[in-house]
Amino acid sequence: MKRKALILIGPEFEDIEALYPYYRLIEAGFDVTVAAPFSGEVEGKHGYRMNSKAIKDINPDDFDILVLPGGRGPERIRVSARDDAVRIVKSFYDSGKPIAAICHGPQLLLSAGIVKDIKLTSYPGIADDLKAGGAEWLNEKVVVHGNIITSRLPEDLPYWMEALLKALSNS
Amino acid sequence: MKRKALILIGPEFEDIEALYPYYRLIEAGFDVTVAAPFSGEVEGKHGYRMNSKAIKDINPDDFDILVLPGGRGPERIRVSARDDAVRIVKSFYDSGKPIAAICHGPQLLLSAGIVKDIKLTSYPGIADDLKAGGAEWLNEKVVVHGNIITSRLPEDLPYWMEALLKALSNS
Amino acid sequence: MKRKALILIGPEFEDIEALYPYYRLIEAGFDVTVAAPFSGEVEGKHGYRMNSKAIKDINPDDFDILVLPGGRGPERIRVSARDDAVRIVKSFYDSGKPIAAICHGPQLLLSAGIVKDIKLTSYPGIADDLKAGGAEWLNEKVVVHGNIITSRLPEDLPYWMEALLKALSNS
Amino acid sequence: MKRKALILIGPEFEDIEALYPYYRLIEAGFDVTVAAPFSGEVEGKHGYRMNSKAIKDINPDDFDILVLPGGRGPERIRVSARDDAVRIVKSFYDSGKPIAAICHGPQLLLSAGIVKDIKLTSYPGIADDLKAGGAEWLNEKVVVHGNIITSRLPEDLPYWMEALLKALSNS
Amino acid sequence: MKRKALILIGPEFEDIEALYPYYRLIEAGFDVTVAAPFSGEVEGKHGYRMNSKAIKDINPDDFDILVLPGGRGPERIRVSARDDAVRIVKSFYDSGKPIAAICHGPQLLLSAGIVKDIKLTSYPGIADDLKAGGAEWLNEKVVVHGNIITSRLPEDLPYWMEALLKALSNS
Amino acid sequence: MKRKALILIGPEFEDIEALYPYYRLIEAGFDVTVAAPFSGEVEGKHGYRMNSKAIKDINPDDFDILVLPGGRGPERIRVSARDDAVRIVKSFYDSGKPIAAICHGPQLLLSAGIVKDIKLTSYPGIADDLKAGGAEWLNEKVVVHGNIITSRLPEDLPYWMEALLKALSNS
């Protein structure tokens, strides 16, 4: 049976940060679902569109891994679907399933209240927010802390996905 | 002698949140200076351009009030001119001069470490960050706490500037 | 009872020339109505949107002041709602209520046939048209002639609004 | 010897109103020169670029016909090269050489002071200006008055050029 | 009775390559029909829109000449309306009626299987494709081979239309 | 020692078709070089930029695999760097090293004269061109013929890269 991945996006997501894991996880044999505040087509900052389910309809138990791309999506999720996104992130965290976040993606880790005493990275522009939440912020291309795998920017994408797939093969 | 206002912006600032206080403070008789991570023309999300000095060259003692517009400017400032921006915000705070922040502008208050136990508001998408920093976040069109005056969105602009000018006339 | 302001816009209006008086007059305690050739959302040159009533449904007797921003709005009004706009402008003029026009806004003064022997200014690119209509065109940041207050460009906004509010307090 | 045509444009010209006569007159055997407020590449509203000489360097005696396209070019010419453009238009008018203007192009006829008692048409949004200048404005696809040939909009292009070429073969 | 022209376009057509022949043929007295994969408004690369019939509803016997502009339209036609487009091109070819193609327009000649041993030109970037189809590709502004008239780029437009109209007057 | 990959792009490349193999091959341990008609930054259709070497300076012997993304890049390469691109493609083909092409990428296989009797796929809009060149065109998500691996569209990306990496592990 196929493993299942969930990617959470919102309008103006950073296209490549959602598209790279999307195709990469299909290549690795996953069944990939994209979810956004509202169901239908969601457009990224660069004009790519992805078909999405509504976040409120997602049951995290149906998935093996969670991917949180950056851009403006995470703040849009906070504005329109915060409580359901928090429910999903917490569920993955509590059950020890891998969570991969990049760029602004870690904003949703903060909202879920799970960054305290966690080593992580992110887009440098939100480092102060994560530190305020108690995280230990590192300026590295990929940081793995337990099942939380974080990166900073598109150029970190290959190291981020490599770390995610390695975490899966270890578990 | 003319009173002096300082506005901090970065690329992709929310145009109206910088232009409204810019023109409004000139109308109120201020001499207004705009500063950004690098000197020269800075372009907002909607294509308006503002001539700016470099933040690193700003001496906060030269100004009476500080204005922090939103959009993507505050994160850009954090990436390219964080330490100088923190120095400026702290100086205004320590000397009790008014600081008006709107939308993403309060991100710079968080970076400066001055939001703990402060009542404030902001763009709702960053409320979780400010709460993580210890602020009491309120969903109101304008929140005044001491000399810190915050608002959420462009539609709050008239109430935000009214509160700033009132704070000045009181001091 | 609140004083009432009317702003006439059309598609591709110069955003800041409509938004600045809109927020500024709210700040000054006005109830502000925006009207355009057709009711609904109207988009400016820079992408800001304003909700508008239809010009044909406007009764000028309901308002205390009239504001005419620039950009391409005035020509669009001339094409789609000229006669109603002329009716409105003339009514304000005849009853001696303040009219503030900036940039291309004075095109509607010309259409209403009220610029003859009036001192005014405008976007310099339409000076020849206003002179053809008999106006005395001046290259100044704000020109006040009776209750007609005109300016040239966004950078004149603070002086234009200051003059409008002064005209009101005088009347 | 080849006949010579001059086209006056400015930034944000209506592309097709300049490109259609440009190619059409080359097809008819003309040597075509484009001039703008500043020499170099000028970009139209739709992104087409045309190489241009500077208007100030143009000697109207070198040309047989003058073409005035619309869009925002004519107002830009009024702002940056008005006196030279007026000099050129007047010279063509005084020497009885054909002038073809479309859309906003007739703004330059008004600036040159030659529309009084002339039958013409234009973009309907500037009809009031031309009437203020003494013109008899007609809502027709092409109006020929002596050597002045005017049209309203891109859809009038074929009738406008046909009338211009007919005027030439008559002269 | 008016002669009839047919222009085939698809989304992202090169605007001027469709608009120039459209207006030019109206000027020459033609009744001009535009057809695209789907009926309705079709938008060019530069934002111009043309009202179109559906290609599948076109009877080539109703027309005297066929025009094939370039841009991305021909590939879009190949994807969405290839068989009908091939039927139309072949019909014009078999009945000896003029076909004028420019830029990427000759892609539809190749699809119709009629370029073998034909002298022609096109946008240089597809020369290899046409050579693969057996054409003799020439780098000239206009190439006339029987009733097939081809050009390379917008700057060839006047020579292309001149050759088309000459072909018609000869036949 | 690291294996080496070469990606050929041109202006207006289809961003994801270049970025996906770029990051994917880095993830797989390759040293990846991007080359374009001119050295420097090249911008894709969606605005992503990639730093590139000049195609003319590329020695194909330095690389193990060749990747040909789609979009408008291949035609731009044909216009500005055709002979060098043909030299490179032929060299990979002759030495039996893997070539992966997607969307419009196979246009460069056609230019290199290596598609005759080859089973392949591509963007459907250029299928007729490849058939004209003697290829057997298949409408499948990935087609492997010897060391030539082709796909149609972004949604085929995971199957395309999977096939390329499998070809490498087999060789």
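Note that the chains take the letters A, B, C, D, E and F in the order they are written out, and that residue 1 is the start of every chain.
Following the convention adopted for this analysis, a contact is a pair of C-beta atoms (placed from the backbone, for glycine too) under 8 Å apart; a residue touches a chain by one contact, two chains touch by 3 or more.
This structure is a prediction, so every number in the text was calculated from the model and none was measured.
Each step here moves to a touching chain, and the least such steps from subunit A to subunit F number 1. Its C-alpha atoms superposed on subunit E, subunit B is turned by 180 degrees; the angle is given in steps of 5. Each chain gets a centre from the mean of its Cα atoms; for subunit E and subunit F, those two points are 30 Å apart. Averaged Cα coordinates give subunit A a centre that lies 49 Å from the centre of subunit E. Each chain gets one centre point, the mean of its Cα atoms, and the points for subunit C and subunit F are 58 Å apart. Residue positions of subunit F in touch with at least two other chains are not found. Looking at the complex, you find that subunit F touches subunit E at residues 75-76, 78-79, 82, 107, 110-111, 123-129, 132-134. Interface residues of subunit F, counted against subunit A in their complex, comprise 15-16, 19-20, 23-24, 26-27, 46-48, 154, 157-159, 161-162.
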